[in-house]
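Comments concern the structure below.
Going in written order, the chains are labelled A, B, C, D, E and F, and every chain counts its residues from 1.
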Amino acid sequence: MPFIKIELTREGVTREQKQQLIKGITDLFTDILNKDPQLTHISIQEVELDNWGYAGEQVSVLRERGITADKK
Amino acid sequence: MPFIKIELTREGVTREQKQQLIKGITDLFTDILNKDPQLTHISIQEVELDNWGYAGEQVSVLRERGITADKK
Amino acid sequence: MPFIKIELTREGVTREQKQQLIKGITDLFTDILNKDPQLTHISIQEVELDNWGYAGEQVSVLRERGITADKK
Amino acid sequence: MPFIKIELTREGVTREQKQQLIKGITDLFTDILNKDPQLTHISIQEVELDNWGYAGEQVSVLRERGITADKK
Amino acid sequence: MPFIKIELTREGVTREQKQQLIKGITDLFTDILNKDPQLTHISIQEVELDNWGYAGEQVSVLRERGITADKK
Amino acid sequence: MPFIKIELTREGVTREQKQQLIKGITDLFTDILNKDPQLTHISIQEVELDNWGYAGEQVSVLRERGITADKK
């Protein structure tokens, strides 16, 4: 009975990437905890950049300054 | 002081149905736990079908295959 | 595919009352939205009175003053 | 490592007000708990008035009756 | 900036299994979305069996009947 | 009608600090958005160190290595 809620900034995640996340996370719960996939639900919430704060700043402002969330 | 958060797929829930859910759930907390309705808040979040995963699949894909969430 | 998260103060809700809430809310989603109960999950989180704030005060302090969440 | 999730009705909160909330809340966690702001994330979710229930009513209905959430 | 919240029933998940979930999910966000792991936070909430409802029943009751969440 | 949910690691936050957070956040919503404090609810959830992941690691492991969340 896991329910997984993902919140992330709305920055162009594609339908295929969402499917990869859903498949990958569901598989982790089956592989690690032997959970029946029929009981695993996942909800993805994309948050506008004005509505996410990090280090006291709106992410929309951070992006304007060229600061990304990309892996270096 | 209950706060109730509902997440469900965005599939045409009407304004009237939302009102029925809000009234029904608030009444349950008053009837069962004697809670003051003035302290009961409910938030309904409708999630796009691409953003809900079930059994490792996007619900949008399940719906294309004719698999619904309807009671049989 | 509804997921319902309930947060309320930890004030002696019994096992039977939790079952009544679970049954009542699941039935509402079936009755109003025709949802398959096999797809309805509910999680109840009981919050310590020091950890819930209302009107700028900890609920533990409000309770010491005799202010309850009971329906009048 | 705090994560703060704000849910409020969608009623015209401006970009500047969101920034004030983000800055103010992040500062509270630094001032009170000495938290590194780089570890404080905040997500603001604006909820449609039909989707918020209070005292058994949709907020959209309450607003039509002239009942607001303003401080008196 | 993803934040991932996991809710699952409290049924003996070990420290090592939690670490595997944390590592696995963080890696998925890096592999699929190129997210900096320093910006990925995960919170796991284990829910008592009396406090999780599925199909209108408490999970504690389902377990007493021998119904598990195991993959068949 | 704001509801604010705080998740943070369980690391000895005192009752007084919780009260300061509750008062400070409630005041921000009144000062910035003119919200009636009677409609502002806050829930604080303290998460065990084994149950919080950051950068792919359990926080309990990070703490054993001397890595804190303190502001430098």
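The definition used in the following text is that contacts are C-beta pairs under 8 Å (C-beta built on N, C-alpha and C of every residue); 3 or more make two chains touch, one makes a residue touch a chain.
Keep in mind it's a predicted model, so treat the numbers as computed, not measured.
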{"item": "Any chain that touches chain E and chain D", "value": "A, F"}
{"item": "Count of contact steps on the shortest path from chain C to chain F", "value": "1"}
{"item": "Chain A on chain D, rotation in degrees - Cα superposition, rounded to nearest 5", "value": "120"}
{"item": "Interface residue identity across copies chain C, chain E - same or different by half", "value": "different"}
{"item": "Farthest chain relative to chain B (centres taken as mean CA coordinates)", "value": "F"}
{"item": "Pair with more cross-chain C-beta pairs in contact, given A-C and B-C", "value": "B-C"}
{"item": "Between chain F and chain D, distance of the C-alpha-averaged centres to the nearest whole Å", "value": "15"}
{"item": "Approximate Å spacing (C-alpha centroids) for the pair chain A, chain B", "value": "21"}
{"item": "Per-residue overlap in chain D, given as positions that touch at least 2 other chains", "value": "1, 3, 5, 7, 21, 25, 37, 41, 43, 45, 52, 54"}
{"item": "Chain contact graph, described as a line, ring, star, complete graph or other shape", "value": "other"}
{"item": "Touching pairs among all chains present in the structure", "value": "A-B, A-C, A-D, A-E, B-C, B-D, B-F, C-E, C-F, D-E, D-F, E-F"}
{"item": "Residue ranges of chain D touching chain F (in the complex, touch as defined)", "value": "1-9, 13, 17, 20-21, 24-25, 28-30, 32-37, 39, 52, 54, 59, 69-72"}
{"item": "Touch list for chain A against partner chain C, complex", "value": "1, 3, 41, 43"}
{"item": "Chain C residues touching chain F - in the complex, by the definition given at the top", "value": "7, 45, 47, 50-58, 60-61"}
{"item": "Touching residues (chain side chain D, partner chain A) in the complex", "value": "5, 15, 18-19, 21-23, 25-27, 37-38, 40-46"}
